[in-house]
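Pasting the structures here.
Next come two complexes, and both contain chain A; in the first it sits with chain B, in the second with chain C.
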Partner chain A sequence: MAEFAVIGKPVPRVDAVDKVTGAARYAADVNLPGQLWAGFVHSPHPHARIKRIDTSKAECIPGVVKILTQDALGAGATQETIDTVHGMRLSQSLFAVEVVRYQGEKIAAVCAISPEICKDAVEAIEVEYERLPAVDEVEQAIRPEAPVIREDAKEVEAPTGCPWANLGMFRNVCQEAHFSAGDVEAGFAEADVIVEGIYRIPRVHQTYIEPHACVARVDPSGKVTVWTSTQSIFAIRSGVASSLGIPQSNINVVGQTIGGGFGGKFGVLVHPYAVLLAQVTGRPVKIVYSREEEMLDGRPAPGAVIWVKTGIKRDGTVTARQAVGLWDCGHVPGASIYATGRIVGVYNFKNIKYDAYGIYTNKPGTSAYRAPGAPQGSYASEANLNQCAAAIGMDPIALRLQNMAQDGDQRVIDRKPLSRVAFKETLLAAAKQAGWFEREKKPNHGWGVAIGEWHHGAGPGSAVVTLMDDGTLKVFSGAMDITGTDTGMGQIAAEVVGVPWENVRVIRGDTDSAPYATGSGGSVVLFSMGNAVKRAAENLREKMLALAAQHLETTVDSLEAVRAADESGRVIPRVQRRGQPEESVTLQELAQIALRTTGGPLVGTGTFASEPSHPLISAQIVEVEVDPETGVMEIKRLVGALDVGRAINPYEVEGQMQGGATQGLSWGWMEEMQFGQGRMLNTHLSDYRIPTIQDLPAIESVYLEVPSEHGPFGVKGIGEPPIVPTPAALHLAIHDATGAWVNDLPATPERIWRALHRNRDEGKG
Partner chain B sequence: MHAFDYLEPVTVAEACAMLADHGPRARPLAGGTDLLIQMEMGKVRPEAVVHLGRIEALRGIEWDPQAGLRISAGVTLREVETHPIIRERYPALATAAQVVGSVQIRNLGTLVGNLCNASPSADTSPALLALDGQVEIASPTESFTIPVAEFWTGPGQMVLQPGQLVTGVRLPVPTPSLRTWYYKLAVRKAMDLAMVGVCVALEPRNGSARRVRIALGAVAPTCLRARHAEQLAEQGEITNGCLEAIAEAAVAATSPISDQRASADYRRAMVGSLTRRAFTQLLR
Partner chain C sequence: MKRLINLRINGVTYPVEVEPRERLLDVVRYKLDITGPKEGCGTGDCGACTMLIDGKPVTSCLMLAVSTAGREITTVEGLARPGELNDLQRAFVELTAVQCGVCIPGFLVNATALLRENPNPTEEEIRAWLQGNLCRCTGYTKIVDAVMEAARRINARPSPETA
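Let's turn to the complex of A and B:
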């Protein structure tokens, strides 16, 4: 392995002090002179016809400046939102027209001089509804008697062989995906054992700590500025432009420090409303969502109900797998239903068939959440695989190793050859760290294992690395830092140019100043923007060396960059004739020389569009202890392994692995948006549970470095995979501890207790 | 949050007078960890908020080996959980206080506030019931005490009349042989509300028990004592069969609901399991 000076070092995060001391400025910290506050009337009903909206009382409240409804905008104000970063297009009116389709849908917006007056006015708006029957579960929504939620809903033929085949048709279908390879029927006929199950995965919110917030200002010239919390300033720009018909060049989006996004802060949510109200009132407008609004009118991860059937031989050969996935899209399409295909995973299974459906329900639309679709699809697949291992009495790791693909194999799903994958090595690394093969069986203790595959994305972007006149570097781009990537990009620039990491400042521009950058999500940032930064730094380095060669009257080839410390221990980065420190020039001198030459300041640029990435897996082993009387579970240990390609910063890698595993534990154990008759029952964090630090074990992370051909220094995108395997590992651990399979997530104490109860009743316990 | 009058009395009499003036439209404020959330959510809209923080007489924990313990209305849950006498002599109360919310919440929230929020899932309420707590109530004209068991009338409801203020809680001196056990059934170890709370206090005597108290939380409109089960437990040696009858009687005392936290079935079953567990632990 090459020796690096900065890469691979656990340098502290560049944003740490500001965040810990409270100095970081989030979107809700932005306040402008003359600013107004906006709030929304949200529908209390999941499905209803709007009979009447009366804003007269609210309009009389002193301090209320403007109230908008769809009527006020005109029926034609149904706008298309285009997210150019993701190539997504969504047609939705700003406010509910005639019919509301989910609890939380916006009916009206109020703008007032204070948040308190705004809230009073929201409450003073009277809306009369005629309630309509609502559907909140996909298994209900597909039934022939279910109300049709949208006119464009399709009715499709139910796939044969699945638990819902007897319905004949599925109602309320808005998306479909189908795949077939080999011959599943022949495969099932060959099997010694058939293992099938229904796996229900709930809808969960990304639960970022910072709810959506933005401030919009419209200058007299019509120029729009938006300060906001987002994973992509360029997606907000295109979203605002398309939804309000404003030329993109007339909008500037400023990304503030972000308090978490996890996929839920890509596109517009509150932004068009703030801009519209700022246009109408001529004053800056601020919107800060409450936690309840996030729960009722955010864009969470879709829930899914997935049926999986596997045929397996006693020797561990999987002969066929079939799945039908029903994905809860809410009232608009958009769920990652193709993730039903996780039944293939990273295995060499020959006979595969899946049918996936996006189903309309009376809930808000969904969006991305860390590895969109993968935790749901992988849970069904991996949990079922663990049940297969149990059915044939085989070790679940041995079963996986026997069926796993490796370099040179073709992927079943797209016939692409695999290269630089380390699936087996990753799984074995987790097993070794955890001591899987030496584990002892203790009463009420259980161990579980699962893997989660992910194929990270890539996106276009550009970065500029400048040698400042004091000899330090500035890295400039439009990429949002959601996970510590600023620190990693600084390390890349420092490594390439040859300066200590402390000598690099990473600066983020707004959409007016920065070159285009892809959104921060899909595990793309360090792979894509990291490449752009690396190329920019290389470009700068070339220019520096050329100037230094000129100055030292030698050739570029004879030069080297050194970061030797002086007598006082201070590192003075310099360029010198190889092995001849006396013939050198410091970077500061070089920067000064550049200012006096015809070339001017030294600036490197780098761009990146897209290059292939390699699939990788996260493997996890979890140990639990379950109280069989109450179902209360304690997580004793969690070991995660991941192939990261190259760890630019081990702290950041571990942070990603711990964060993802925590979210996976949460989804598998306690987290769930609960609904009853279309209404959400747990809209606050007291009952919408995610683990506290007291609930978590010390998470042990081991990583492998099988370098990518295309990532900077071999980087693979690793932000998403650690959430994927956890629920399935937990599913097996609970079974190992109790003898019960809890297929429906989350495995709350009550669900575990019920499963045990069922087992006892059936005489299994 | 809506607009309201914010009042800061410095004596109990003054506070009672203010509460009397505004009648049911006034709410006393101690730590605010329940009240402010309810106001923010629009669940309660008091005209006047009477802050008790400046009343010197509402501070402090008093211990008298003859008279017992007195915890004033201003005492935080954190003070209760860390108080050496409470930890030594009333461990179930210390444990119950310790599992409320988080340290931050317990640094603000008070024991009396937990009592007066009158939530059936309040962690400290089963402990106060099992320890024979008395509620000390002041009004503009008089001051008196009533048993904790008679204090609540429903979820969020209590016997207080306008102008009455709970100034503290009194607990009798525990007998040397009294043993107590509290279990909070929750999903999380912190920041969670009990699905079921069970507190049992008793004096073990060679396999039988005296002075038995079985107090249950989150399984009825108010926290309550399972008195029939208590009587069964005091009738002689507690055999396995007898324990089963006690657990069944405890379950029979409940009337749980199904909600987002747990189903009624599960709550009933857990009252049985945890009651059995309590006796097994305490008689061991």
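Let's turn to the complex of A and C:
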């Protein structure tokens, strides 16, 4: 392996000092002189007709500046929101028109001189509703008696063979995806054992600790500035522009430090309202969502109900797999329903068929959450596979190793050959770290294992790298940093140009100043922006060496870069004639010399759009202890392994692995947006539980480096995969500890207890 | 309705006009522009708004500003002198216990109180003390490591200072 000076070193995050001192400015920390506060009237009902909206009392409250309703905008006026970063388009009015379709839908916006007065005014607005029947479960929404939630809902024929086939038709369908390879019926006929189950995965919220926030200002010239928390400043720019009909070039979006996104902070949510209110009031307008508003009117991850059927031979050969997925879209399409296809996984399964449906319910629309669709799809697939292993009495790791694809194998989905994959090696690394094959069976203890694959994409981006006249390197881009990518980009630039880490500054621009950058999601940033930065740094290096050759009166080929430290231990990077230290020039000198040349400052630019990537897996092993009397579970160990391609920064890699595994564990164990008759029942962090520091053990992470062909220095995209396998690993661990399969997530003490008692009542316990 | 109170924050006394219903967190963040403490929930569940009041950690989203007049309030901005980091802050930086960072001011303020009370905590004691601070990014492993490392450094000094 090549020796690197900066890459692979655990340098601290470039933003860490600001974050530990309170100096980092998040969106809600932006306060402009004269700013107004805006808030919303949200529907308390999941489905209702709006009879009357009376704002007269609210208008009389001193300090209230403006109230907006759909009527004030022009009844029926719809806005089309276009997110050019993701190529997404959504036609929706700013406020509910005549009918509300989920609890939390916006009815009116209020703007006042203080947050307290704003709340008073929101409470003083009277809305009269006529309630309509609502439906919040997909298995109810597809039934013939379910209310039709939108006029454009389709009624489609139910696939045969699945548990819902007897319905004949599925109602409230808004999306469909189908796939078939080989012959599943023939495959099932060949099997020794058929294992099938229904796996229910709840809707969960990304639960970033920082709720959505933004401040908008509109200058008299019409120039709009938005300060906000987002994963993509360019997506906010296009979203605001399209939804309000403002030319994109009139909008500047400033990305503040982001307090977590996990996929939930891509497109516009509160931003058009702040801009619209700033336009009509002529003053800066600030909106900060509360936690309850996040829960009721955020864009969480879709829940899903997935039926999986697998045919398997006693020797571990999987003969066929079939799945039907019902995905809970809420009131608009947009769920990653194709993830039902994860029954293929990274295995050489030949006979595959799936049918996936997005179903309307009376809930908010959904959006991405770390590896969108993958935790749901992979949970159903991997949990079912573990049940197959149990059914034929085979070790679940051995079953996976026997069926896993490797380099040269063709993928079932697209028939493309695999390269630079390390599925088996990653699974074995987790097994080794955990001591899987040496584990001892203890009473009420259980072990589980699962894998989750991710095939990251790429996105267009550009970067500028400048060697400044003080010898520091400035890396400039428009990418939002959610996982430490600014630090990684800085390390890549430092490595290429040859400056010590201390001399690197990473600067993020706004949409006016920065070159275009893709959104920060999909595990694409270090792969894509890292490539842009690497190309910019190489471009700079080329110019720098040409200047050095000119200065030292030699050729570029006869130069070498030197990073030797001086007597005081300081690294002063320089370029010299090979083997002749007396003929050298420092990088700082070169930067200064450049200012006096005809060519000018040493600036490198780099752009990137796409190159092929390789699928990778996260493999996890979890050990639990379950109290059979109460169903209470303790997580004793959580071990994860991941093929990262190249760890630019090992601490950041571990952080992604530990954080992702915790979110996966949480989805399997405690998280669930609970609904009753369309109303959400747990809208606060006291009853919507995420793990505390006391719920978890120290998480062990081991990573492999099988370099990507096109990633900068071999980088693969790794932010998402660690969330994927955890729920299925937990499912097996609970079975190993108790003998019960708890297919419905999350595996709460109540569900575990009920499953245990069901087993006992049936004489299996 | 409005009352003039003196809020003493990080060693400075601020005269400020507040309504009785205004929360300490809002007054500090929006009237004094001390924005280190964050609001993650508004119900005392996430701990991002934690401040020390007379040395005790409290969730400031549940405190009325009027009830804290004259008391000694510390936010993350007051943990170290400007331009410096205390041991906890340095350990959080060096061990990359910080990801998005929005929960970190609360963790640092609460961990400061822990180390004053118990300068040599076990991992279990750290986890028990910090259970009111939620983090969604890290899985907590590196946060525990950083608090233990800070305690080690403080204890390794010949004449221990308070964190």
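What we mean here is this: the second predicted complex is superposed on the first by the 764 of 765 C-alpha atoms of A that agree within 3 Å, B and C clash if a C-alpha of one lies under 4 Å from a C-alpha of the other, contacts with A are read in each partner's own complex, and residues count from 1 in each chain.
Methods note: contacts are C-beta pairs under 8 Å (C-beta built on N, C-alpha and C of every residue); 3 or more make two chains touch, one makes a residue touch a chain.
Everything numeric in this text was worked out from a predicted model, so none of it was measured.
Chemist: Between chain B and chain C, whom does A:E629 touch in the aligned arrangement: first, second, both, or neither?
Modeler: first
Chemist: Is A:Y651 touching the first partner chain B, the second partner chain C, both, or neither of them?
Modeler: second
Chemist: Quick one: is A:E155 in contact with chain B, with chain C, with both, or with neither? Answer first, second, both or neither.
Modeler: After superposing on A, A:E155 lies clear of both chain B and chain C.
Chemist: For A:L681, is the partner it touches chain B (first), chain C (second), both, or none of the two (neither)?
Modeler: In the superposition, A:L681 touches chain B alone.
Chemist: Thinking of the overlay built on chain A, is A:D395 touched by chain B (first), by chain C (second), by both, or by neither?
Modeler: In the superposition, A:D395 contacts neither chain B nor chain C.
Chemist: Examine A:P749 and indicate which partner it touches, taking first as chain B and second as chain C; both and neither are also allowed.
Modeler: After superposition on chain A, A:P749 lies in contact with chain B alone.
Chemist: Go through the superposed model and pick first if A:T257 touches only chain B, second if only chain C, both, or neither.
Modeler: Only chain C is touched by A:T257; chain B is not.
Chemist: Would you mind checking which one, chain B or chain C, touches more residues on chain A?
Modeler: Of the two chains, more chain A residues are contacted by C.
Chemist: Quick one: classify A:G659 as touching chain B (first), chain C (second), both or neither.
Modeler: A:G659 sits against chain C, while chain B stays out of touch.
Chemist: Looking at A:M670, would you say it contacts chain B, chain C, both, or neither? Reply first, second, both or neither.
Modeler: A:M670 sits against chain B, while chain C stays out of touch.
Chemist: Mind sorting out which residues of chain A both chain B and chain C touch, each in its own complex?
Modeler: 116, 292, 685-686, 691-692, 694
Chemist: Report the residues of chain C in contact with chain A in the complex, numbered from low to high.
Modeler: Per the touch definition, chain C meets chain A at residues 19, 21-22, 26, 29-30, 33-43, 45-46, 48, 75-77, 79-80, 85, 89, 92-96, 98-105, 108, 123, 126-128, 130-144.
Chemist: What residues on chain A touch chain C, complex-wise?
Modeler: Going through chain A, the ones touching chain C are 10, 12-13, 15-17, 19-26, 28-29, 31, 115-116, 206-211, 257-262, 288, 290-292, 482-484, 649, 651-652, 654-655, 658-663, 684-686, 690-694, 696, 698-699.
Chemist: Chain B touches which residues of chain A in the complex?
Modeler: Those in contact with chain B are residues 116, 119-120, 123, 292, 629-630, 632, 669-670, 674, 681-682, 685-687, 689, 691-692, 694-695, 748-750, 753-754, 757.
Chemist: If we count contacts the way the header does, which residues on chain B are in touch with chain A in the complex?
Modeler: Listed in rising order, the residues of chain B that touch chain A are 1-3, 41-42, 102, 185, 187-193, 195, 259-263, 266, 269-270, 273-274, 277.
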